[in-house]
Amino acid sequence: MNKLTHFDESGQAHMVNVGDKASTQRIAIATGKISMLPDTFKMVEAGSHKKGDVLGIARIAGIQASKKTSDLIPLCHPLALTHVSLEFQINANDNSITCQVKAETTGPTGVEMEALTAVQVALLTIYDMCKAVDRGMVMGDVKLLEKSGGKSGEWRAL
Amino acid sequence: MNKLTHFDESGQAHMVNVGDKASTQRIAIATGKISMLPDTFKMVEAGSHKKGDVLGIARIAGIQASKKTSDLIPLCHPLALTHVSLEFQINANDNSITCQVKAETTGPTGVEMEALTAVQVALLTIYDMCKAVDRGMVMGDVKLLEKSGGKSGEWRAL
Amino acid sequence: MNKLTHFDESGQAHMVNVGDKASTQRIAIATGKISMLPDTFKMVEAGSHKKGDVLGIARIAGIQASKKTSDLIPLCHPLALTHVSLEFQINANDNSITCQVKAETTGPTGVEMEALTAVQVALLTIYDMCKAVDRGMVMGDVKLLEKSGGKSGEWRAL
Amino acid sequence: MNKLTHFDESGQAHMVNVGDKASTQRIAIATGKISMLPDTFKMVEAGSHKKGDVLGIARIAGIQASKKTSDLIPLCHPLALTHVSLEFQINANDNSITCQVKAETTGPTGVEMEALTAVQVALLTIYDMCKAVDRGMVMGDVKLLEKSGGKSGEWRAL
Amino acid sequence: MNKLTHFDESGQAHMVNVGDKASTQRIAIATGKISMLPDTFKMVEAGSHKKGDVLGIARIAGIQASKKTSDLIPLCHPLALTHVSLEFQINANDNSITCQVKAETTGPTGVEMEALTAVQVALLTIYDMCKAVDRGMVMGDVKLLEKSGGKSGEWRAL
Amino acid sequence: MNKLTHFDESGQAHMVNVGDKASTQRIAIATGKISMLPDTFKMVEAGSHKKGDVLGIARIAGIQASKKTSDLIPLCHPLALTHVSLEFQINANDNSITCQVKAETTGPTGVEMEALTAVQVALLTIYDMCKAVDRGMVMGDVKLLEKSGGKSGEWRAL
């Protein structure tokens, strides 16, 4: 059984020592979605090409949140992101919006948490902007899709 | 069709004027869960009563995140939380952890976003602490369970 | 000659005591502008109604910055904004963009700094987004237009 | 016509990928000024050599703000500043204070925004400290003076 | 034996519910000191009346830190400070600097932590500015001197 | 007599230029303690192995604070910590808790302030969690124990 690296041998939390890890290019891609009522979905969809641009604002919120990851997640290392982008997909079949984030850096630690944090905050921002008309929206399927770089190399969700 | 209140009549985003809203007691309860491999689940479960306390750290991260809500969500009003608590439920049947957050304030705006933000960051923190052994964890079912206070009064998820 | 209230009698800086000031509705309106090359101006103008929405992003940056005012300006009191909105005016005659911000709260201190901070950060965000094509842009005419509330009452720029 | 690099081909904002850019020494110098009434000017001037040190506090505020640039400007990359300094010039001829900032780093992105942000927040801090006696102060002429480093090399304002 | 109120009955941390507590005027005074070598002391003392104003900068750092208290201390409630001031006393007899902070608010929770946080960060700032000449400085005697307001009323250190 | 490097030749504060300093591995170890009443001490001691885990929460607060050092201390450079760990020692002989922090980075500046900031905030967090039962706790003996790396090399407290 592998161990949880965020704890030392006595079981105490620490910020893992990455001083000896090689600096490599790191990429992570994460995704998540928010499901809503058909009427709410239509409003968001409308805003994306005329006024009331919910997704444009959620995109900015996600980018800014990725920069706050080490402030939000206690044992995350601070790092200098070299790239963050968010794409939204509008799913008319089930009235949901999918958010996919790609984050990159060059350094000793990965950017999985930065990508996932951007997804979560982008979804929360959509929720915030639509909650006046639909409090029952549900956020889910938030997960890492793939990552590369570092000693563990490439990983892809099944 | 209701309108999205975060946009003015010309479709531009603004921080909604709450200057005329009554100051009332506001409560919101939100929930979410993270699903993991059986071995990961056992490690988290073990930590909750001896060493490597994943959930204790996620609880602190969630409380701290709730205080950062207006910094994370662009159109949220800053507000003075009067109470935040997180409860974790360990679900051995499906190797998942459920997080439920209760947030309260007395003021002109609700605390739904504060409760939801705490849930999301608590789940992200669990992911961070376990990702070395299980990158495929999935976060979902993040939603508001109930809220009270304000002009719209009580609301409960179906 | 009036004295600078942010210093005590011995000349030391302090956060002025507002504990005895009445809680009233406070409004402040501030403005500022950024001047650019004709080609840059055309790009910003184009973005405001199709893609590359510079002003939409600057608006969000301004709203978020207004919430960070007391973190940026050392002797500012933290306060709970009840409303923030930004309007941009596109001036084709001199290739400039004017930003006007209205901020409101109910409390013992005014929101002049919140309005001015939002103007400055919105202008900086426009600069950032256009600097790849025009490093010589100039920001100016940043000032308070009017304020109301508090013991000093109404004030209007000449 | 050059394009605005903060938008991708579909017109969506992103944090530009700088992963392939060379790490070079980057320097930026920016300036700005605040104009005030003669009596206000005399107070600031007096404080700079005895008590009520307005400019000393504005200098600290500017340095701290430069470190928050990527938190304030949505699409700015986080970076590790290696040097920031502010100089104030007291202009008795027109009752204004000029602020000049030099910022430096070694990395893949420039520090123009860090220098400009320090200027804006230093000016705002002067405004804040003097507004009790002079609400009509005006901030302006905020611009980049020169920058060096990176692929685009040296640039100087005309 | 009293119980630690930051834990609920099951021993889990939470942000204590203060929704039912009366809003009263709260004052807290805290103190602390830093001891240094005679030569370091002379430099700080000199700076306080000519150039190199260590204490002026430490004062600003302390005021700004008091506003970040709820961000630094996990279970602290966010609150709107109405007053913060720092006084430094120069102790030539033992080459130390004493810092005393007074913090005030009107609300349901006390400001002891805000006063203590300002003391600690002011002392750290003095350490930072003098460490190039004296790494062996020691900070100590950091404690609450008195507090008033709230259900527990007045308290004074013996 | 050495000079205070945080001031330039005219006595003005600046963020020292470290652009020419070599990037080396930097380690700093700092310590501090908090003294309390015997009953308070017993509660903290009890929590460390069953419920009400004061030290576990103080550890997280210290790690998170170390990441905010450059935001708290005005002239500190932002840097990417590669490791932070906190150890608490329970001193039954004098009813005190000692906190020792080790911080590391690879870069042009040291991490003394990061280690000391973590100590101070960990002690403040212990104070916060126990203050309901013991307002008279005293924090002290906060100092650097050793540091290595950089031009000045190794240093150890006597």
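First chain written, first letter: the chains are A, B, C, D, E and F, and each begins at residue 1.
In this text, a contact is a pair of C-beta atoms (placed from the backbone, for glycine too) under 8 Å apart; a residue touches a chain by one contact, two chains touch by 3 or more.
Bear in mind the structure is a predicted one, so any value in this text is a computation, not a measurement.
Taken together, chain C and chain D share the touching chains A, E. Which listed pair repeats B-F comes down to matching contact pairs by residue number; over half match for A-C among D-F, C-D or A-C.
When the CA atoms of chain A are superposed on those of chain F, the rotation angle is 120 degrees to the nearest 5. C-beta contact counts were set side by side for A-C and C-E; C-E has more. One finds 37 Å separating the Cα centroids of chain B and chain D.
In terms of their C-alpha centroids, the spacing between chain B and chain C amounts to 31 Å. In chain E, the residues that touch at least two other chains are 12-13, 53, 56-57, 60-61, 64, 68, 71, 74-75, 80. Each chain pair that touches appears in this list: A-B, A-C, A-D, A-F, B-C, B-E, B-F, C-D, C-E, D-E, D-F, E-F.
Considering their complex, residues 25, 56, 59-60, 63-64, 66-68, 80-87, 104-106 of chain F touch chain A. Residues 53, 56-57, 60-61, 64 of chain A are the ones that touch chain C when the two sit in their complex.
Looking at the complex, you find that chain B touches chain C at residues 8, 12-19, 70-71, 74-75, 77-80, 107-108.
Per the touch definition, chain B reaches chain A in the complex via residues 1-7, 10-13, 32, 39, 43, 47, 50-54, 57, 60-61, 64-65, 68, 71-76, 112-113, 116-117, 120-121, 123-125, 127-133, 135-144, 147, 155, 157-158.
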